[in-house]
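Some structures to go through are shown next.
Consider the two complexes below, in which chain A is the common component and chain B and chain C are the respective partners.
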Partner chain A sequence: MANFDFLSISPDLVLIAFAVLFLLMGSFSRTPGVHNYNMLSISAFSLAILFNLLLFGSKRFGFYDMMLYDELAGIFRFIFYGIGIIVSLMSDPYIEGKIKHKGEYYALIILSIVGMSFIATSYDLIMLVLGVEAMSLSVYILAGMFKHDEASAEASIKYFLLGAFSTAIMLLGIAFVYGTVGTTNYSLIVQNYNKYLHGGIQTGIFLFGVAAILAGVLFKIAAVPFHMWTPDVYEGAPTSVTAFMISGVKAASFFMLIRVFLIALKVAVFNFVDIMVFISIITMTLGNIAALTQRNIKRMLAYSSIAHAGYMLIGFVALNKTGLAAIVFYLIAYALMNLGAFAVLVLLEEKGKDLEHVSGCGFLYPFLGLMMTIFMFSMVGLPPTGGFMGKFYVFKGALEAGYLWLVIIAVLNSAVSAYFYLRVLVYMFFEKPIDAGGALRTSSATVTTALVLTSVGILFLGIFPQFFFEITTKYMTYLP
Partner chain B sequence: MISQMNFFLLTGLLIFGIGALGLLIRRNLIICFMSIELMLNGVNLIFVTFSHYLQSAVGVLYVLFIMALAAAEVAIGLAIILLIYRLKGTVDMDSLNTMKG
Partner chain C sequence: MLESYVPVLILGVISVGFAFVTLALSHLIGERKPTEEKLIPYECGNVPIGTARERFPVKFYIIAMLFIIFDVEVAFMFPWAVLYENLGMLGLIEMLIFVLILMLGLAYVWGKGALEWE
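Take a look at the complex of A and B:
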């Protein structure tokens, strides 16, 4: 019975219980409008974090080697649940009046995070696929949550079609890996590969399968050439959902890349380093250049998220302890700064979505202006912010692996990106407001809390980076 | 002479390819959606073939999981297509042009 290790998934069980409760409350409550789902969802995530804290530090196999809970999976669970708390904080004033059944919204966020957590603990390719689907299916619905908004529906269908396409490709890859090594368990894949595959057509089919899995993962990461959906989906989806996708789904996808390719498929990973170098360069360059011409801030941040994926892939290309630990550090900083920037947008969106609409807002609302300054500085990579230290560690890993020219290209890219990030601040502080202004209708205590949490987190990461970086380095045990 | 296993594998790949091609060139959302189902069924055939020739039951279990996934995707996909139809009055992919840039 030890195989049914329910303790190792106890945080997820708590979350599932809350999600089911939300759905039932929506159906059976006589006063469906009055429940404070917002606070309930935050307490669900806090409870999950507490359970995860009790588990943290142990290494447990469970469910007949379908799952492995190790320290890095624990760290990622903290990241996902933290993202859940911040998204819950910033959602409520934004979806008020636009979504009829708020319980569904929070239940879907929770279920999507359970999917991410399953990705983090997967030790078998079938668990990975189920986690990816649980995460994606919830996000497809969330993207179309504003039922009367054409852009939201379009974002939903585009994400759905291309997401299902990428899942099918990933499944094809898994089928070929299974066909050549005869198993889908992470450790058995490595064993059987060394035992049975010695060159020839079998190895070729195996590598084809690995390439198909890589394509599926790169699609979720939104790396070029699988990025076409990103701008439309991120622009059309409700802003709070975009914040969730841009931070949570991206973090889960990067952990999927690290976990699958450094535990299960580490026998094949060196075959793909060269092409990953190329993908990394083209991803960050294309993301930054396309972002230069955008007027819509959400669309600009969507392209910037493509560029950030490019920077993070440098850490994967380096394939050493510093580079891989740097990805985790970068992901934390990246999630914080995007959540913060979108929390500001949630408040400013009633004025409009383009750059012109935020003009003058910096002095009209000094707090929002200050916050946006911190987040944009972090995105450019200026000290003393987490974005700077993230880039610093990623580049350090690449230098240790001998990729000087790659680092030079990335630094040039960062310089280009300063233009469009700082342009937001120029509009906010140096342009005249287009209307007389006055108080924002949706100023809200919860969004303010989210802003304070994210900005303090970013400054902490920037000023005391050693604290987190030592933790991530210590637990980065996946090495090729 | 093509062996029996390769015949089934190639059939599976062919079905997968037809699905992928259909998704890329057809403009009707329902047809695109059916193409995705076709791709998943191609994968299913490949799994069953490998499972049979490797004498391993894992592949057949995979097929059951993929069928469940496909059913979930049907539920969500058709709901989203219905939403598009209500808003725009058509399920043509070229009508999805609200966002540009």
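Take a look at the complex of A and C:
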């Protein structure tokens, strides 16, 4: 069954072609400064979105059934490519003059997104690992792109070592699953489990494998027992790369969780619900409490991303259509608000990275102040923003599944988080600027575009939530 | 199926035990007459000149990395060459794509100037 369905990966092929072009441009061009890599990268992603749009709605198996392109994978491709566009928009003024190899920077972002897209379309654990590695290896390098900045180098090496370790654990789990059911194909795993295993003596080995895979996935989404790398890596990496990691890698990892555990390992997923409840509670609580004491905004947002992972896991715990569709909705809102907040930080970072350094910026730069207000409101979960509707749908799913107390804990957590998110706004609007004269170098048109796109997106998600939620509910066909 | 792992377990136990026993025995009953020559670091039989903690030019590492890539390429080509008849046209095309990607990488490295020593 050599079904070489090149059409189904055509968006990725376009992106790979552009990435190779960027690499060759970066190495052979004698005038490295003149190329508009960000515009080229945006057109690459736009082209990929166009191809994906043409494909959308079809369901295609391909490449010896190692890939399955379905509607949800298509939706996630849209998310990844959209993240690619916004990251490309906000990167250029930030890395200008700081990174010598700009072609490589954009090529790595593109290749990482190709990896995410492969995760989204994987239908075989081997393909999944390939996608995860393509995504992660690019991000390891991107995190260390500021070669002369110690924090950046530390972030890169730390992320690489721990990431490699977590991939090893995940591969071990895959080996155990393969050892018991004799296949890595998603549908065959379910078939063989029902045929040979089904509660027999080897089910324990199978479950051990599933647990190891779960550990690898939880590492990538920075859930609590495996979250240690997150603050250091997110703080140390270049801000535009952090925005990419916090939105793109997180979205891909959550989709990996949904896809693997609700297609391939759905026979085992109910064994892990109890522990996932525990992980979800401890993840959001630790993320929020640790964020309370942070002075560095990037580090605060890193802890906040841990907390958000906790909220999203509630949707996974619920394991019903509303909860799972809510994760997708939440991910879109989460990606938009983080990209937006980091786009503001990209502009403000010249002033410094701590809360004190943004003092008074709200009135000095009213546009940035307004944008930051929208993003922070969305992170707290205040209407009318996407963050509010995301939380609402996730909690609704959990209530439908009967987890009232879990929702109460999550709402309390949400209240705690208001303190550190709104504190950023307090510093921006109610504190005196520390150096009023220091005008910002950049008020870049591309970053402004990114800010407008993300804020409009968040408000749209908050005011007309049904539009996206109906789409995600309709296509959330993976159910246990 | 679980039973079929028993030989692996036995092998593991025996190999760990063997290593432990040999080390312990030679430590316990072995005779030790340390001399100055015996205690210096082993450098393929040559008398060491200076410390081993030298600083290498970073260029060596680039060459080593490039070598690894093409070394792995050959490792990938051997099984393909063995099964060339069975894989047929499909295998040939896939290998061509693989080599093409590596060639692009080589072109990139060349353009970056990583192949120039100075």
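Here is the rule we use: the second predicted complex is superposed on the first by the 472 of 480 C-alpha atoms of A that agree within 3 Å, B and C clash if a C-alpha of one lies under 4 Å from a C-alpha of the other, contacts with A are read in each partner's own complex, and residues count from 1 in each chain.
By definition in this document, a contact is a pair of C-beta atoms (placed from the backbone, for glycine too) under 8 Å apart; a residue touches a chain by one contact, two chains touch by 3 or more.
Keep in mind that what you see is a predicted model, and the values were worked out from it rather than measured.
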Chain B and chain C placed together on chain A: clash or fit? clash
The answer to whether chain B or chain C touches more of chain A is B
(Q) Applying the document's definition of touch, where does A:296 land relative to chain B and chain C: first, second, both, or neither? (A) first
With the two structures laid over each other on chain A, which partner does A:184 touch: chain B (first), chain C (second), both, or neither? first
Check your understanding: Is A:126 touching the first partner chain B, the second partner chain C, both, or neither of them?
Key -> first
Clash check vs chain B: of 4-12, 40-48, 76-84 or 94-102 in chain C, the offending stretch is 4-12
Both chain B and chain C touch chain A at residues 179
As the complex stands, chain B meets chain A at residues 9, 16, 19-20, 23, 29, 32-33, 36, 39-40, 42-43, 46-47, 49-50, 54, 56, 58-59, 61-62, 65-66, 69, 72-73, 76-77, 79-81, 83-84, 87-88, 96, 98-99, 101
Counting only contacts in the complex, chain C reaches chain A at residues 1-2, 90, 104, 107-112
So, in the complex, the side of chain A touching chain B is made of residues 126, 129-130, 133, 137, 140-141, 144, 147-148, 150-151, 153-158, 160-161, 164-165, 167-168, 171-172, 174-176, 178-179, 182-184, 231-232, 235-236, 293-296, 299
In their shared complex, chain C is touched by residues of chain A numbered 2, 20, 23-24, 26-28, 179-180, 201-202, 205
